[in-house]
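In order of appearance the chains are A, B, C and D, and numbering begins at 1 in each one.
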Amino acid sequence: MLNEFNYQQILNEVYDETIPYFQDGKVADYIPALAKVNPEQFAMSITLFNGKQYHVGVCDEKFSIQSISKVYTFTKALQLFGTKLYKRVGKEPSGNPFNSLVQLEYEKGIPRNPFINAGAIVVTDALLSYFKNIDKCFNDTLSFIQETSDNETIGFDRNVWFSEYQHGHRNLALANLMKSYNNIDNLVEDVVKTYFKHCSIEMSTKELSRSMLFLANHGIDPINGKEYVTHEQAKRINALMLTCGHYDASGEFAFYVGLPGKSGVGGGIVAIVPKVMSIAVFSPRLNSWGNSLCGTKALEIFAKKTGLSIF
Amino acid sequence: MLNEFNYQQILNEVYDETIPYFQDGKVADYIPALAKVNPEQFAMSITLFNGKQYHVGVCDEKFSIQSISKVYTFTKALQLFGTKLYKRVGKEPSGNPFNSLVQLEYEKGIPRNPFINAGAIVVTDALLSYFKNIDKCFNDTLSFIQETSDNETIGFDRNVWFSEYQHGHRNLALANLMKSYNNIDNLVEDVVKTYFKHCSIEMSTKELSRSMLFLANHGIDPINGKEYVTHEQAKRINALMLTCGHYDASGEFAFYVGLPGKSGVGGGIVAIVPKVMSIAVFSPRLNSWGNSLCGTKALEIFAKKTGLSIF
Amino acid sequence: MLNEFNYQQILNEVYDETIPYFQDGKVADYIPALAKVNPEQFAMSITLFNGKQYHVGVCDEKFSIQSISKVYTFTKALQLFGTKLYKRVGKEPSGNPFNSLVQLEYEKGIPRNPFINAGAIVVTDALLSYFKNIDKCFNDTLSFIQETSDNETIGFDRNVWFSEYQHGHRNLALANLMKSYNNIDNLVEDVVKTYFKHCSIEMSTKELSRSMLFLANHGIDPINGKEYVTHEQAKRINALMLTCGHYDASGEFAFYVGLPGKSGVGGGIVAIVPKVMSIAVFSPRLNSWGNSLCGTKALEIFAKKTGLSIF
Amino acid sequence: MLNEFNYQQILNEVYDETIPYFQDGKVADYIPALAKVNPEQFAMSITLFNGKQYHVGVCDEKFSIQSISKVYTFTKALQLFGTKLYKRVGKEPSGNPFNSLVQLEYEKGIPRNPFINAGAIVVTDALLSYFKNIDKCFNDTLSFIQETSDNETIGFDRNVWFSEYQHGHRNLALANLMKSYNNIDNLVEDVVKTYFKHCSIEMSTKELSRSMLFLANHGIDPINGKEYVTHEQAKRINALMLTCGHYDASGEFAFYVGLPGKSGVGGGIVAIVPKVMSIAVFSPRLNSWGNSLCGTKALEIFAKKTGLSIF
């Protein structure tokens, strides 16, 4: 039934209906490297299990994936450590961002989930302990992304990396607080540096939608046939994306889009339609919760037009 | 494909595999009326779109639906007020229960979602303003439950109602705090009384699984054909159940069960398999988050055996 | 040495130097009965141990003592219950008002000190348990005030009382929360009603400065010779006023005035110069922390001119 | 009148009455360098305006002054920057330590007062900006302490300094959080290193009581005649010590001792009797709030015996 959709036409319609929102929202400007991006870009890509892709907009434009990297690092950590990971990071939505530090204090340095900064920092610390140094750790994540994207040219932006580390005092505060609770094993500086390097990876929507396909197919990339995580793990990553993927607008996203997804302040969002496809959108202006405004809107329109919701 | 399952056999297996957990957990004892229930009961019912039901355990045993009533009152409020409701209650997970009062303070008396107590109290206040008095308001909710359950004998337990109101100081605190922010229109006492009366409604798993079927079918009861909420509204109620249906274990439930659901401290849980069925379980002992321990376990086993997850 | 001061002249100077601030600040307007007061009034009275009084401004004008009543009820409770009281209410500053509810939650319903609303409500509950009914309880406090003021005509304002109770949802929230932790023994409504009745007592600065003299003289009224509290208790009430007497500006008051004091939103402030005198000021406009703006200013100027600081 | 006391006899009595508590409490053990101290030591020294000193116990034993250094650095900062300092650090008690980080978040990186760690870190940052490097900054503070102690041999413990920095993740968290709000100008590492170096200064009660005498005499050292801060500033430092000098037991200390004071986890406490004397006590075992248990007890007994309370 779903194959009957004319996806290209739907994407074109989504684009047209998203245009009125292009001026809304605000590009992330806490570091110069992110602020200088052309704000009115838009791209959307979908990748089906047969490898067929549909695009609209600047689908080859690279953008900083930022927090979308949290999905990759969590996936890697699940591969390597399995359920042992849950001793160090939870699975619950975190509520108000205002509470991030107090919740870490109240819960003795255990972050609520791997998709808030504190959680991704713990995940990075676990990976760093395994790979022993920043470069090996980063290269492993990057290789994973290159392989799932079927594109070996994917890299990172050194300016973004440096700039984020230089402005990363809040993340250093989180990491130091967790270290005071013995939930960080490596040097705080090394962990946060690695974390930011992951954030500075650059991808296009074309690559991103291709790469995340294994999550739509219960852990197995339907094109190359490789199993990256188990059936159960894939479901759980999707569940986490649904409940925790959009900061303090995760409920909003579940409510209006109804798909597991993860956003980044670089303007990207990835969304999963279990058993059907992987979607990526990009548009730099953010709404008040720090998620791509037009990206969210486009996904909402797409979900409505196709009825592709998990609910 | 799904029809091929031998549901009765699966339910029997689920029952057998849940038995080892029957002694675990603790019955809600904050009011005597709830504490006196036989703790080792277990029941599970599923209802398919064709009206066919499968059961295991004490599926005719009535139990106090407690917070499951929040799904009914929110549904009624959506029918009556639509999106206007969202000015008074949010859609985001609430995180730690410890924060319930501080979050109400920080967010000026607007509860995070309709499935935490504060949110359900606001929803009840909206209904009470519409129906003008406690009895009419309560009777409308009860009629709705009777109709969707196809059972006019469903009632409530007066002892539970009185007892909860007498011990309801924390809910009175929440309601008074919201009133101080002008987010409660009626008398605090009336609102909280009505709220507790809804909580004291009694149903069996047989009735509960039958009643919630409209949420599995995009708002339309597949048996009587009535549309209770729109397609969009049904999806959003499900989204809310997934992100907010199990207090501070909503992420845990999404993670391990992977279905929209709502629990009550009476030991009941309802879960929705979109486009397929509605499930109800009952077992009075609760885990540390206040959700039925064996009920959660049974749903997890059921989801694993059938692969019926939204992810 | 201190007797050498020409207090009348100093008060006149204080008045002149306070005039520039008469337009600043904002009268408490959360209830109509308080909002209708003439905002630009000012009065200041001091009472020495020999009974001599000095005044400036409208020193016979009655005003609602509001939270200043907390000093009287805490004094009564210390008389009746002594140190047993500290099981139910603490002695520490409470920090940010934003935290009032979360702190009650975190500390299991034990308010931080008797001069925040929650603490005074617990104190009132203790008194109510002793006197059995609202009238007896209130009359005992009123008699105490009349006796220490040497003025039997002191009464309360029924409009203010009713109006505060009708808008008292936040205080009802606090009381219900404490009741849920078993730190309120009587009916929440009765306790809060009694609390507000104490707040609605009306006094002039002349009466107030006379009345509090026993706190400047280690518990013994230097004029009538009666011992109201022990030497130790008087010191401790003063210590509490210094650390907790001005909501979230207690540090500010200690810093700039340097005397134990207690303010009320009716615009009154009482301050104690141990071994020397008792001071009362009145001016209805409040600063951003809810303390009389000109009252605070006048005390600061007075303290500077006389050097009468405890530091 | 006060000169009539036989202080030596009173100190001897205080010592005898404190002995029963020598086994109570627990030495700070978060760093090995502090944990290895002999736990049952006790010393108490008082210094009068005429330079006369009275002692009991190991009054020449050096101990780590830890947070008592906050009084010195705040004094230095007041000298250099005056009231400009209050833009960066408040004057209010901070309430529960649990809230330290959330309060920094809620109040945009402005610590509540200079005697909590966050506040002292900001004060240190201000000094570091002035002196340009860690050594000059530290040496200036040390010189000030040597001068007021009339003892040039006072130094610091390098082991304690290193050890604290190595375990200082919570303080690094606080400093990074404040840096994210632009309330730290220098490198976080440098500021925290300097802060810990101040904490590692070692003094005896004999030296400490001599050194703080200027605070008892309105800013002027009564022995060498030098004015270290103005009359007003001295009063305000005392006011801050009273309201904020003992972490979350500041109210307790004001209540039972009734004197401005500042404690350190090394077991030292300094207390000021305005216009009369300066007191120092030392005993390493701490009560549950992190203040010297026997030190607090001894001061309480001393205050009771002499009546030397500011209230």
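What we mean here is this: a residue touches a chain if its C-beta (ideal position, glycine included) is under 8 Å from a C-beta of that chain, and two chains touch if they have at least 3 such contacts.
By chain, with names taken from UniProt: A, B, C, D = Glutaminase.
All figures in this text were calculated on a predicted structure; none of them were measured in a lab.
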Problem set entry | Fewest touching-chain hops separating chain B from chain D | 2
For this session: Please name the chain that ends up farthest from chain D once chain centres are defined by their CA atoms averaged.
Result: B
Exercise. What is the distance in Å between the mean C-alpha positions of chain C and chain D?
Worked result: 32
For this session: Using mean C-alpha positions as chain centres, tell me how far chain B is from chain C in Å, no decimals.
Result: 48
Seminar exercise, completed: The distance between the C-alpha centres of chain A and chain C, rounded to whole Å, is 55
Problem set entry | In chain D, residues with contacts to at least two other chains | 98-99, 106
For this session: Going by the contact rule at the top, pick out the chain B residues touching chain A in the complex.
Result: 90-96, 98-99, 103, 106-107, 112-113, 234-236, 238-240, 242-244, 248-252, 254-256, 258, 260, 274, 309-311
For this session: Could you pull out which chain C residues touch chain B in their complex?
Result: 98-99, 101-102, 105-106, 169-170, 172-174, 176-177, 179-180, 188
